[in-house]
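The following pair of complexes shares a single chain, subunit A, combined with subunit B in the former and subunit C in the latter.
So, the complex of A and B:
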């Protein structure tokens, strides 16, 4: 798959404070979640990717073109910054219309696009209100509208769901997923893991200005050897199942649940374990109610990688 | 093939950049200034000079009112009349007020609202941004200098019934207000980028106008030399007017020297603007 975004040895620091350091990264079309705790360097990376900051070292290209100081490429980029940057005296409509005009659309097309963008984020009814009268969530949606009004090929969203009410949170997540399905590139940053997990399994984990991991979340989990995989099995006869599993080399430890109906197994070879488990179930006839992997999720991967 | 494998193609057309990218910024700014509180009062006061000089033009063209022409020196020559119109103290004062009113918050508000990403995440260059902001101040300043100047000339032709005008006078009528306004507009924007506090910028612009003139007068009183009027904003404008209209210089120093201050102010302002925006963009 061709990389839409390509960063090479990208570094940025503010005086003595490190923003990001020596980042090499390729991002293809689809949704990519940029994850990391506060101050990890997510916003710095997105600002460089959106041409808002100049890197101190290294380079970043979009569609093979440099971004910083290349205004033409902004026709293809939609950037939703983390912080508010709207003129509060303007109405939502005036603000979006001005931005549409700045994209070079004529008056009629700018009007149509502004209306469509405001409708998409649910602000069409309050379009004539001054921005200073908008709630935090409404301002966030206005920022999103400003980044999608020109239907960009690559959408960069810095904490787009911050302050948005639950109903609109779901709608915005759906909008982002739709963008991804259309084959566009969406880079969405967040430190709220379930939000990212609900949109994509393709993540870039950034911490202390460096890329810790990149790729499919389940594949990344598979590569973490230092923490054994946990598999929780719910069944009527957990002790009988444990008896059958105890001889397997790849089983490191087992814990019984307090309810007496579950067994948690730690294994360092997940694939072998599941093959053996299926065979045992078939041979012993133990009835299994549920199999889950408590640490095969973003939170666990995140905690393991940043060393919590 | 999965759509993600194919890659998304939004637009197959050629990306073209327009030379008018700055226009939406300018139009929006002009509208915003027009809707401001006190706009009508400031515009009326700024336009009042035009009506006084319109009466003067009428008087100067009527033989039956010759007695008035003999009493008022500026009515004796067209060059003197137009120079006085453009460089009279009240109009210069009103131009400073107009600069404060229309331009003090132009960039300082962008700093306050952290609005640079609004512009620089669009297909706009630094030049487009500055041109758009510059055009807003220039529009209002020229509306009360160049435009009434041209109107005065047209009325003069109408009152005399003659279409003849000296080419040098025409050139001076067109060029002088442009230099005057470019200088004031660039000074306004250069000060506007210094702080997100618009009140501070407004005071700073007014202080530059007042302080430069007062300083020149103090230095002149101490050292008895007119050369100190080179540091005065209004003094330079007046002297430049004398130079371009070819009338008796207001101060005893070569009038062409007064071109230096507008050039230095415009050049330094442009450098400061580009440097500050580059710095803000680079996140240094």
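So, the complex of A and C:
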């Protein structure tokens, strides 16, 4: 497939702070998830791709063209920034209509497109309210509307699900998937693995400004699933539960809490462990108060993958 | 898809003129620009009550009003309107919306500049007109009074054009432009204009004062160490300087990379 986005030896830093370093990457049409912990360099990469920042070294091109200072390319790009920003004194309608007009649509078509974009993100009924009266989630959806109103060929979304309620989270994920199915290019960033996993199988892992892995999510997921994983279970009878779990091959070790009401299990096969745990709970009737995973976050995964 | 290459300048101008009109900053400046009008009215009342000599309000207009407008209100208004053209977008992190549309950055800057300039002109123009009416109630039939008003308004237009362009360039260049701008207005402009020799020609206020219809040496605040520059030269200097500042602002804004937040 032809690469829509091409980065070669791309580096960016802010004074002494590294943004991204020596990134070589090609992204073709379809949905690509940009996954990495906070501060990994995802936003820097997207800002360069959206023409907001200049590369310090190397280059990034979209459709073979540089982005910074190239306004014509913005007809083909939709960018949803991470910051919670908008012209708060404007209404949602005024804001979207302004952007539609600036995308070159005449008054009638700008109106139609603004209406469609606001309807898509569920803000049509609130369109005449001032943006400062919107909730965080509504402002996030408004930013999404601003990025899709001109139906761009490349949609770049920086943490688009942040602050969005569960119902709209699902709708936005579906919208992104639909965009991908239309043969467009979507680059979506997140620090939450399941979010990306729900939208695409093609991911780019970014960590400390470098591309750490790229490819099919299932391969990376396999690595994640097999790394030692801790699960804490709070219940009335932790020793009884431990008795049931001790025979399982995928349980590596167990620790009891000092209060006598908790059990921490270390497993190397998380999915198998949870399947077994659910079965045991159902069979033994042990009452579970809480199940938590102390290291169930992307940083832990990255730490594991880089061998920390 | 009806995507024509439309001129985005009127769209940006209209949108930011409307939002600028409703902004809190504009309301503050409306109040500020009414202060000279109130002073003028007080002067008229004093004159009518006999506390002031007849004709003293016209004199007051020529001397104190000019000081308030040309040395204070116009530069300060231009500073706040000009420097916020880019800085406000950075503070509110909204610049991203104007720089990810298929519009040249120069169009964005010029559209916003024109909106800010027109707002400033309306504020100053209305204040001027009200002051003039209050000062010249008894000589409204005198053509020279209207001629004087025309000169004041024309000079204020040039002053706003030049100062706003300077502060727009400053705002495009640096984030803390208000502080530098205040130093320029109350430091450089206030002090250097009284320096002997040609040094005072390096201030904008020198060229503005050269256009004002107050004879040098008469006004306490209008102390010229040199003779004022010829009016035509002053007009040209203000126009050329304004255009150069505006070109500089465009040059900076088109090339500069603006970092909106801590980048991750």
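By our rule, the second predicted complex is superposed on the first by the 219 of 308 C-alpha atoms of A that agree within 3 Å, B and C clash if a C-alpha of one lies under 4 Å from a C-alpha of the other, contacts with A are read in each partner's own complex, and residues count from 1 in each chain.
Everything below uses one rule, namely that a contact is a pair of C-beta atoms (placed from the backbone, for glycine too) under 8 Å apart; a residue touches a chain by one contact, two chains touch by 3 or more.
Since the model is a prediction, treat every value here as computed from it, not as a measurement.
Superposition of the two structures on subunit A shows subunit C clashing with subunit B. When the two structures are aligned on the shared chain, A:85 is found in touch with subunit B and with subunit C.
Of the two partner chains placed by superposition, only subunit B is touched by A:30; subunit C is not. In the overlay built on the shared chain, the residue A:106 is in contact with subunit C alone; subunit B does not reach it. After overlaying the two complexes on the shared chain, residue contacts for A:41 are found with subunit C alone; subunit B is out of touch.
Legend: residue contacts after superposition of the two complexes on their common chain; A:16 is shown touching neither subunit B nor subunit C. By the touch criterion defined above, A:72 lies against subunit B and subunit C together after alignment on the C-alpha atoms of chain A. By the touch criterion defined above, A:185 lies against subunit B but remains apart from subunit C after alignment on the C-alpha atoms of chain A. On subunit A, the surface touched by subunit B in one complex and the surface touched by subunit C in the other have residues 14, 47, 50-54, 68, 71-75, 77, 79, 81, 83-88, 94, 98-99, 101-104, 146, 151 in common. Subunit B makes touch with subunit A in their complex at residues 3-10, 15, 17-18, 21, 24-25, 27-28, 109, 113-125, 128, 281-284. Chain contact summary for the complex, subunit A toward subunit C: residues 14, 17, 19, 38-44, 47, 50-54, 68-69, 71-75, 77, 79, 81-90, 94, 98-99, 101-106, 108-109, 146, 150-151. For subunit A in complex with subunit B, the touching residues are 1-2, 4, 12, 14, 28-30, 47, 50-54, 68, 71-77, 79, 81, 83-88, 94, 98-99, 101-104, 146-147, 151-153, 181-185.
Contact residues of subunit C toward subunit A in the complex are 1-6, 8, 11-12, 15, 19, 22-23, 92-94, 96-105, 254-255, 257-261, 263-264.
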